[in-house]
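Lettered A, B, C, D, E, F, G, H, I and J in written order, each chain numbered from 1.
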Amino acid sequence: MTRANLTQKILSTKRRKGLSWKQIVSEIGGGSAVYVTAAVMGQMKLRPEQAERAAAMFDLAEEEKLLLQEVPYRGSLPTAVPTDPLIYRFYELVQVYGTTWKELIQEEFGDGIMSAIDFDMMIDRQPDQKGDRVKISMSGKFLPYKEY
Amino acid sequence: MTRANLTQKILSTKRRKGLSWKQIVSEIGGGSAVYVTAAVMGQMKLRPEQAERAAAMFDLAEEEKLLLQEVPYRGSLPTAVPTDPLIYRFYELVQVYGTTWKELIQEEFGDGIMSAIDFDMMIDRQPDQKGDRVKISMSGKFLPYKEY
Amino acid sequence: MTRANLTQKILSTKRRKGLSWKQIVSEIGGGSAVYVTAAVMGQMKLRPEQAERAAAMFDLAEEEKLLLQEVPYRGSLPTAVPTDPLIYRFYELVQVYGTTWKELIQEEFGDGIMSAIDFDMMIDRQPDQKGDRVKISMSGKFLPYKEY
Amino acid sequence: MTRANLTQKILSTKRRKGLSWKQIVSEIGGGSAVYVTAAVMGQMKLRPEQAERAAAMFDLAEEEKLLLQEVPYRGSLPTAVPTDPLIYRFYELVQVYGTTWKELIQEEFGDGIMSAIDFDMMIDRQPDQKGDRVKISMSGKFLPYKEY
Amino acid sequence: MTRANLTQKILSTKRRKGLSWKQIVSEIGGGSAVYVTAAVMGQMKLRPEQAERAAAMFDLAEEEKLLLQEVPYRGSLPTAVPTDPLIYRFYELVQVYGTTWKELIQEEFGDGIMSAIDFDMMIDRQPDQKGDRVKISMSGKFLPYKEY
Amino acid sequence: MTRANLTQKILSTKRRKGLSWKQIVSEIGGGSAVYVTAAVMGQMKLRPEQAERAAAMFDLAEEEKLLLQEVPYRGSLPTAVPTDPLIYRFYELVQVYGTTWKELIQEEFGDGIMSAIDFDMMIDRQPDQKGDRVKISMSGKFLPYKEY
Amino acid sequence: MTRANLTQKILSTKRRKGLSWKQIVSEIGGGSAVYVTAAVMGQMKLRPEQAERAAAMFDLAEEEKLLLQEVPYRGSLPTAVPTDPLIYRFYELVQVYGTTWKELIQEEFGDGIMSAIDFDMMIDRQPDQKGDRVKISMSGKFLPYKEY
Amino acid sequence: MTRANLTQKILSTKRRKGLSWKQIVSEIGGGSAVYVTAAVMGQMKLRPEQAERAAAMFDLAEEEKLLLQEVPYRGSLPTAVPTDPLIYRFYELVQVYGTTWKELIQEEFGDGIMSAIDFDMMIDRQPDQKGDRVKISMSGKFLPYKEY
Amino acid sequence: MTRANLTQKILSTKRRKGLSWKQIVSEIGGGSAVYVTAAVMGQMKLRPEQAERAAAMFDLAEEEKLLLQEVPYRGSLPTAVPTDPLIYRFYELVQVYGTTWKELIQEEFGDGIMSAIDFDMMIDRQPDQKGDRVKISMSGKFLPYKEY
Amino acid sequence: MTRANLTQKILSTKRRKGLSWKQIVSEIGGGSAVYVTAAVMGQMKLRPEQAERAAAMFDLAEEEKLLLQEVPYRGSLPTAVPTDPLIYRFYELVQVYGTTWKELIQEEFGDGIMSAIDFDMMIDRQPDQKGDRVKISMSGKFLPYKEY
């Protein structure tokens, strides 16, 4: 039983039961839509009480429930450059804006990085007459390079 | 004269004149900090009047001014997986959250993508007692997959 | 049950029943030959009524019918550079004409791209005395790079 | 003097003289916009009389004029997977539609390929109220796999 | 049932029955040793009557017989650069002679390629006192690049 | 002065003097068209008297003449998978026929390889009503794997 | 003037003047041996007063002194897997111990990472009768994955 | 039964029995936490008496117990550049500090390497008011390059 | 039944029966330790009488015995650059000494290669007070490049 | 001045002066043919007195003489898999015999590796009636994996 197998099993149950991510996030509770979805997709861990509720919803065995509480080996993509168009667009942003992010963050904050660990993110629908927009807000703690 | 050479030349002048991106963006005008910086970094084009002001600031020759108005061959990174830690963290987000973005955007909007072309972005400092945070807000038009 | 497994199962049934793509497209209905075939090949989703008809034709189980209505993780090739000669020729066009497309589309439309999402395509036989030709017509909405 | 250097030189002259591809194609003559542009971009060869006119337009030396008449080492992209968004979209089409092209062309024509050599292409603007579209029409001779 | 699985099954039967390629080619008939072997190895398709005889020889099920008549996804090697020494030597020839082939074929025939589709090949033993030689003769139709 | 630079210089002189490979091979002498061309293209070495004649023809300096007599670091292609269509077709043959070559050569000769070192090759025009063909004949000594 | 060029220039001066890293670190001052060496090798920035002393020691021009104070694009290796044996051994540790580090750090600290930004390192000689040992001590702040 | 399968089985038992690495290391005994954990993770071998105790704890069959005593094919990561953030940070250290390690170790010890074989490592928690730190101490025998 | 599966099965039997390579080589007979081990590891073929004895020792079925007599698809490593430290050291020798081997062999023998086919190898223990050494002696026939 | 440039310069002087490696090794002295050649090829360092003699022989400047005494960044090949046939054969040995070396060395010596650092090598001509052979003898200290 690997985490990848478990994710496949959960997605199969989600499909058969006609569950939406909204329902899943609400039922598991205790976290934002992005975080909880990422956990169910095998990239984050759930807390015990969350795993309990997930196990009930997805008819999981005991070991599967425990597996959901383990930190996974992260990395959700089968190739270094993603082939799926929705995901590729984010890779494209890294390619096009990578050096710009570096310049602007470093000018504002000094030498360091935006943490991808002490980090949160929200995805929202932004109504727009010319076509609604996907709005992504992310915030990561600035971590200054330690001089030693 | 390639665009990459021009970027190197501009960065050299920026360094020698002690210019900040804030000054550069304000001087060139006509756009947001992210867009104008990306243009100067060789990933976007400038409009004629912007290029005129950039040329004055960076002591550019006529051809260099014209080159700034051309659409560049985009892609700012020397390797497919970025080695610079600040930029890598964004690649890491794609690896960790790629499939989550796909699930949540598709549940909310249907089959399609967030455009990286009809797209805008802002980078802000978010004061925080435990350490200030880098806040990135991006919004891209949702483009539904056309069924035909 | 992954989408790739489902595609294998469907191709097996197609083979055993001696179905042609023409028959499949006509039976599933509601879309062009290219779109419907791409869906059956695991790269597009079907609408419920289409999936219903596909399920009947290919003797699919309930979950498989639901899977056909999900947006797949796109990318149909096992390697970044395709090894199959028919498919490679299209990759070759990208290698040979990539920069030409860029120049001509940008001169005509300005900075932007041809959408691969708001996109349609037709494949036709073009009779020719020296040997019939494959005619491919594609049209994608021009998406101008947003200046912001 | 490599072909890549010559392309850079020509693009520089095009920029300084403010030439458009329309003008260049019309001046060089004897071919379609796509073919002639591809030749100037270093992916096709020009015939002697075309090279003569190109040399006049771009102030080329004798050897440079000869180089334009040589068959180039083809392949216009710096990476196997293109990073430029406009060009990437075409690579994406290969990833998404590759197996579909294979199925439909083979069902219609039998075992074989669409030639990328006995091949032509046109790029047009397709007016559309919801936003103009890029229309690409390509036709390649079908080459049946020889059984022997 | 994929074509790769079928090839494995056929090779297993070949092994158990002690069949040689000479016998297989002669029994299946209707083609040269190279073509028929390539088909059995999963890289070409067989015609119905050939598949019928192959099915009898290898005890194939109905679907397997049909699969042999389908055009396969071509590409017989597990890595882009082959590791098997016999096959690598051919890759080495591409590396060492690639540019030479290009020069000599283009000087003789003009701009174009040797087709790998309208193509045939023979492998023979060439007796030689210093050690017999493998003789490979291949011929492909010259396809001139279309100017348009 | 690297061999690659020397090859560029020679090709430039060839271009300016309007030399053909036929003339070059005939003038340098002492070898077949394929071998001598490969040497001039930087993949084989010339014997002293051949290098002498090449130096005269291409106006080479003393060191350049010596360099032509050195064994080069072989490998003529800028990428592992060639992008040039003429050369790619040969790579395609390796992909499609690699395992077939292995089966047929080993059945005929036993365990071993066709040498790419004790090897010769000829390229000829094969007149054909349906379009002339490129004929390539290669012969390599069979080298049996030594059992020890 | 790129940072890589500057590093080359500094190493050349170090060589000609016979400077040791001990001397360089002591002269530049204000930091540990590892940090200051990394800065001179182009992977960290120096503070103004450090850059001043470095400029004096290495005879740097004004712009070069400024460049030393800029945050570099990090990544010191020409290939993703290092070829130099001394450096490769560290890559080998990542390959052999990667999953072990993950298990032990996560069991002790919970879900999170060891920061490579709020990080310091010392390299020491550890005398040993069987052969002295290289001792490397590193410490990075544990950063817990934020749940949100 | 491969070592990778065995590692999966052991991790499953660890999960179901709620064992910690501390317990496992203590129970197996005869080695440090890092070494024993690495062995259980499939990167080191256990001595017979250690394997005996591991077999009892994880309910292993006879062959599995023997497999734990074999030297594994080392390399614990699915990709050359690790995607898991915790492990990637160590790869990042190699990228950022690789050339610095080389300079400092060679200046102190002469030409040679730090052994990754005659090597040991400890991972500790370093209490710190600003947040506890992961402390890693490693020591490898310096191996001088033999001159011969 | 693939050769890789068979190798796994044999290694499992070797493990369960507690066989050493010395015993295996001696029992199979008819070849050196290196050659016979390589055959059992799936990289060489066995002669019928050797396969007979191997089948008895490893309890192989008829087809498995036949498979041992077939020439395998060679290449024993899962990645192009080996991750296992013992094997990597040999790759490292290729990286460090590759060009030196080329210079010295070519100066002594002329243009050509050391055959890896007409080749033999021995591995011995070389007692040494400072620590025993692994001695590897290999000899390959020099194959001169044929001039033609 | 990089080490790679210096190697190019030395090879140019070697060529112009008609020096052989035998002469170079004998003149520089103080080491074996393999070691000294590797140093001149940029993969090992020379001792001061050796560098002195090399500088005289190759007309080197003071800095170049110093550079020869520095430990180089090792790795002599432009690609991970070598394209030159002479060098590739050694890579092929790693591919074919890698797992065999691992089995035999570990059975004889226990868990550990053959050092590529405390290592020496000789290349000899082995006269043979059927064609002289290249004999390579290498010996590396066995380094046992430390248990800790």
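What we mean here is this: contacts are C-beta pairs under 8 Å (C-beta built on N, C-alpha and C of every residue); 3 or more make two chains touch, one makes a residue touch a chain.
Keep in mind it's a predicted model, so treat the numbers as computed, not measured.
**Q** Within the chain touch network, how many edges lie on the shortest path between chain C and chain I?
**A** 2
**Q** Chains shared as neighbours by chain D and chain H?
**A** Common neighbours, chain D/chain H: A, B.
**Q** Match interface B-G to one of A-G, G-J or I-J, accepting only the pair for which over half of the contact pairs are the same residue numbers.
**A** G-J
**Q** Centre to centre, by mean C-alpha position, how many angstrom separate chain E and chain I?
**A** That pair's centroid distance is 29 Å.
**Q** Which whole number of Å gives the spacing of the CA centres of chain B and chain J?
**A** Spacing between the chain centres: roughly 46 Å.
**Q** Please list all residues of chain H that touch 2 or more other chains.
**A** 34, 73-75, 77, 80-85, 92, 95-96, 99, 102, 106, 112-113, 115-117, 119, 121, 143
**Q** How do the chains pair up in terms of touching? List each pair.
**A** Contacting pairs: A-B, A-C, A-D, A-G, A-H, B-C, B-D, B-G, B-H, C-D, C-E, C-F, D-E, D-F, E-F, E-I, E-J, F-I, F-J, G-H, G-I, G-J, H-I, H-J, I-J.
**Q** How about chain C: which of its residues touch chain A in the complex?
**A** 1-2, 62-63, 66-67, 70, 73-75, 77, 80, 116-117
**Q** Looking at the complex, which residues from chain D come into contact with chain C?
**A** 20-22, 33-34, 37-38, 41, 43, 74-77, 80-82, 84-87, 89-109, 112-116, 119, 121, 123, 125-126, 128, 130-143
**Q** Spell out the residues on chain I that touch chain G in their complex, using ranges where they run on.
**A** 81, 83, 85, 88, 92, 95-96
**Q** Sort out for me which residues of chain C touch chain E in the complex.
**A** 8, 12, 15-16, 79, 81-85
**Q** Under the touch definition given earlier, write down the residues of chain J that touch chain H in their complex.
**A** 31-32, 34-35, 44-45, 47, 71, 73, 99, 102, 106, 111-113, 115, 117-121, 143-148
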